[in-house]
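Chain lettering (A, B, C and D) follows the sequence in which the chains are written, and residue indices restart at 1 in each chain.
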Amino acid sequence: MALNVDEIRSDFPILKRDVRGVPLVYLDSGATSQKPSVVLDAERAFYETSNAAVHRGAHALAEEATDAYESAREVIAGFVGASSDEIVFTKNATEAINLVAYAFSNATDKHRQGIEVDPRFVLRPGDNIVVTEMEHHANLIPWQEVCAKTGATLKWFGITADGRLDMESNPIDQNTKIVSVVHQSNILGTINPIEDIMRMAHSAGALGFVDMCQSVPHMPVDVHATGADFAAWSGHKMLGPTGIGLLWGKSELLNAMPPFLSGGSMIEMVNMDHSTYAPAPQRFEAGVPMVAQAVALATAVGYLEQIGMDNVAEHEHELTEYLLNRLQELPGVHIIGPPNAIDRGSAVSFVVDGMHPHDVGHIMDSRGVAVRVGHHCAWPTCRRFDVPATTRITPYLYNSRADMDAAVEAIVAAQEFFGVLPESEKVGL
Amino acid sequence: MALNVDEIRSDFPILKRDVRGVPLVYLDSGATSQKPSVVLDAERAFYETSNAAVHRGAHALAEEATDAYESAREVIAGFVGASSDEIVFTKNATEAINLVAYAFSNATDKHRQGIEVDPRFVLRPGDNIVVTEMEHHANLIPWQEVCAKTGATLKWFGITADGRLDMESNPIDQNTKIVSVVHQSNILGTINPIEDIMRMAHSAGALGFVDMCQSVPHMPVDVHATGADFAAWSGHKMLGPTGIGLLWGKSELLNAMPPFLSGGSMIEMVNMDHSTYAPAPQRFEAGVPMVAQAVALATAVGYLEQIGMDNVAEHEHELTEYLLNRLQELPGVHIIGPPNAIDRGSAVSFVVDGMHPHDVGHIMDSRGVAVRVGHHCAWPTCRRFDVPATTRITPYLYNSRADMDAAVEAIVAAQEFFGVLPESEKVGL
Amino acid sequence: MSDDLYQEIILDHYKNPRGVHSLDHALAESHQVNPTCGDEVTVWVGEGDNGSLDVAYVGQGCSISQASASVMSELVAGKDAATVSKLEDAFMELMQSKGNLQPDEDVLEDAIAFAGVSKYPARIKCALISWMALKDARIKAGLTDHASDIDEEN
Amino acid sequence: MSDDLYQEIILDHYKNPRGVHSLDHALAESHQVNPTCGDEVTVWVGEGDNGSLDVAYVGQGCSISQASASVMSELVAGKDAATVSKLEDAFMELMQSKGNLQPDEDVLEDAIAFAGVSKYPARIKCALISWMALKDARIKAGLTDHASDIDEEN
């Protein structure tokens, strides 16, 4: 079903504003999405009616707040086919990935001190962790850090010239303890064959993690169906507030992991010299959590469900196909990533001959077109394609073909301004 | 200057509501505070006008969002006499404490792998960490975990019968690496002599950390003047939104610490096999941060500054004195913590003869009086006083003497209902 | 005031608890804690006459948790594993009812007094803690009933 | 469009950069990176005639960063440490002005073209990166001026 973009846009107050004196064309949803009024309403209503510390009080407000928080967990779990005890609230996806990375370094430390831990999380020199060359820094540096702390080795899948994972470069072996792969690259747009990779991980006896930051907001995802053991994504990229992220993990594994952040609400018994931990997900939610944000995110999920994730995905697919075609017609413009819309999300990176991506983005911005420039927290991917940076367009459900046209026109204007448009093309666009 | 409580109350929508069919008397601000409309307005306005990912984009919205976020940091830093590069945004105080605790275990791990780290953060068996018996679990369990991972030993100050730190029990010695103490106990109300304790820490060559969760919201605090090296507190307890906490640390120390959460925005250079880190505070803010929450918290700070923290402290002092006196007149009611209002904040815990704290709180709640029951995440403190739990009243700037009276009447009603009011007292209250 | 929560039966069991002792011939014990408020209960189970259960407990905590332990011990003592298992289910169902279930007095006897607790989410755990300990101890002791317990053990 | 940012002078220096080479007799170099966009510049400084500075650079990045490096190298070459230190301060002040400063062309010459950059917070770092490298290299090389540099080194 085609989306009614006009109607959707009317739900997002910020999309009505001007920037630099011209109407805003927001094409940076890969960095963060905008929020519909219902989400802002829900967050405010929580504060105005039920705000209290959750899981800690017995008074009426505390009960209401706890109920709102746990109901939000259920809604969000349902959205990805999980059960609520598999969902941990974090502050962002980055924390969620770190949480699992730290399970390894913490278990390794405790094991070294003679404390009993689940052997699946203990790393020894000779063990390795596998990622890919197209990871966001959030799914790369935490694993580098684990390796630096434990003596394990980091290995990775390479990337082919057209922006796909190079399956020939598969480094998974019997010493692999965890394989962590991005579902959809935030810089290339590539959708990876995660089911295959998770199978490969499991055959080698390793655990599997999927970074779903760019998939869950944009397509229907059933976490169990992917074959993964863990997944992470963030609320702010799926119409939810800032300050909330999600970890999904199989219950059995979450309960086998040592705690990450410790403090109140994650404990069972506390003595001065020794404490025991609550079962997951509480074990991983120390301190007063982001209650209002969870409530608002559940409302965002409801909004997306009403539109239908199938429809969101289809809409983005159409926009992507259209945009890729238009960009490929532009002389001097090169797409970094898969050139067609097959197994590909809506993140479209490109470079322009004779111009730095930063300058391209700046001139687009002066025409109201908000895109992102830089390495997009995927610096090694830029190096792989020998570009210092890219300019990136990331549409979402509130964008239309007209927005794609505005972006294309802004690119041409940038080329004209910098005098890098090939002679033959100067007229007629 | 006396506070105009009526006027203040009118700024807090939730305080107008009924619970269980009677007007709400909210006395659980020690767990979390309520939020004035200006704070909710600021959060919403951010989303409706300037929402974008900070520090990552060059377009107009991204610039506005970054500016809003960094201006918020400046306002919050100013509130505690710090400079903005000393302030790290976390999701709650618990994360802030864990951040510093992990600096120790991470540095110790890296040191073991031959990576150069600042020796102040390296722990060896024989080294110790000092806390107190009145810590919130958030300032106890992270240090227990560090000890479990490194072989260091946890030591602590005891508590006297009237709820003060037992300075005789001082365990600080030359092997102490860090001393972490709560500024104001969330269960006893005790305000600790942190300047003295920080001096003792420094004389022993140790670092000093202060848990300011219950002080910064309630009194004027100049972090540098306390002599501490680090401090943590949370936004939600000082009229700000859920999902944001603060770490203050001396710049030199923050920059000497290894990273905690790693990922985007905390890096300098990234390669597949090696990365370098940005200076603090960015080093500790991986991923998209709680931008809207920071903006809203800065507004909360502005609201508090306009009222004046001196006035807030004075108001709470008066309420505390009044409440302590009234409670001490009640037969069968015993205060757990200092019985007078000297060096004491507004958190007042008590137990009632013949009744469990949970039942006391429940009956108070049925009369609209919201108080907290349980161990208040300070279980060892309960054990010290040989009580399974307490009932706790924690007033704030929006509470009046009438609220104290309502609490006292509810306690008497609970005693009557359970038939535990001593015979002589049954009439005339 | 709080009449729906604090029934006379509850206050009576709280003030005059039954079944508080340990069990010489216990086959298993279970210690349960409610981490949010520190309530504790230890339940012992042993074998009584004709395949019936012997049950005893000690605990500390709020009126709901202690009265519930007392009611529980009185209700299940002398019954066989199959019956006890059904009682556990019935009580659990009552606690999850949010106040919308009319409990069967013939089955639950004094335990119907806890119906009101189900309206207070923060107190449900108090009422359940002794029942959870009972079930855990029963399973540890092998005093289970194939038909009613087997599903939940997997 | 973007006229306040992309002055002719900037585009000219971007397309025809001056001073791009390394320095045989360099006393020090400084490599600076803008982590948000990956811009890089390396600046070398050496001693020229009569206590003047020799400066060279290589870099890659956006027009602002590369033009700024070019303008910088042209502006400071042949000047003494005290003068260069003052130029650094003047340029820094211009960048922090949020567009509210009328720069002195007699002092900053071509560098006044960057006045508009100060209105774009995300681009200020681009314009500054070569100047930061210059200062860092100068300090490493000991080519400092007591009066103007000493404060900032502590």
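Convention: contacts are C-beta pairs under 8 Å (C-beta built on N, C-alpha and C of every residue); 3 or more make two chains touch, one makes a residue touch a chain.
Please read all numbers here as calculations on a predicted model, not as lab measurements.
Asks: Name the chain whose C-alpha centroid is farthest from the C-alpha centroid of subunit A.
Replies: So the farthest one, by centre of C-alpha atoms, is C.
Asks: Based only on mean CA positions, could you tell me how far subunit C sits from subunit D in angstrom?
Replies: Chain centroid spacing, subunit C to subunit D, equals 77 Å.
Asks: Could you put a whole-Å number on the gap between the CA centroids of subunit A and subunit B?
Replies: Computed value for the inter-centroid distance: 31 Å.
Asks: Rounded to a whole Å, what is the gap between the Cα centroids of subunit A and subunit D?
Replies: About 38 Å separates the centre of subunit A from that of subunit D.
Asks: So what's the Cα centroid distance for subunit A and subunit C, whole Å?
Replies: 45
Asks: So which stretches of subunit B touch two or more other chains?
Replies: Within subunit B, residues 56-58, 62, 267, 269, 358, 362, 373-375, 379 contact more than one other chain.
Asks: Any chance you could list the residues of subunit C touching two or more other chains?
Replies: Answer for subunit C, listing residues that touch two or more other chains: 36-37, 120, 123.
Asks: With chains as vertices joined when they touch, what's the shape: line, ring, star, complete or other?
Replies: other
Asks: Could you run through all the chain pairs that touch each other?
Replies: Every pair of chains meeting the touch criterion: A-B, A-C, A-D, B-C, B-D.
Asks: Which positions of subunit B touch subunit D when the two form their complex?
Replies: Counting only subunit B, the residues touching subunit D are 55-58, 62-63, 66-67, 267-269, 278.
Asks: Subunit C touches which residues of subunit B in the complex?
Replies: Touching subunit C: residues 355-359, 362-363, 366-367, 373-375, 379, 382, 388-389, 413, 417-418 of subunit B.
Asks: In the complex, go through subunit D and note every residue touching subunit A.
Replies: It comes out as residues 1-2, 5-6, 11, 36-40, 60-64, 66, 120, 123, 126.
Asks: Touching subunit A in the complex: which residues of subunit C?
Replies: Within the complex, subunit C contacts subunit A at residues 33, 35-37, 120-123.
Asks: Of all residues in subunit A, which touch subunit B in the complex?
Replies: Residue positions touching the partner: 13-14, 17, 19-20, 24, 26, 28, 31-32, 34-35, 40, 43-44, 47-53, 56-62, 90-95, 97-98, 105-106, 109-110, 113, 115, 133, 136-142, 144-145, 148-151, 154, 156, 234, 236, 241-245, 259, 261-267, 269-275, 286-293, 358, 361-362, 364-365, 369-375, 377, 379-380, 383.
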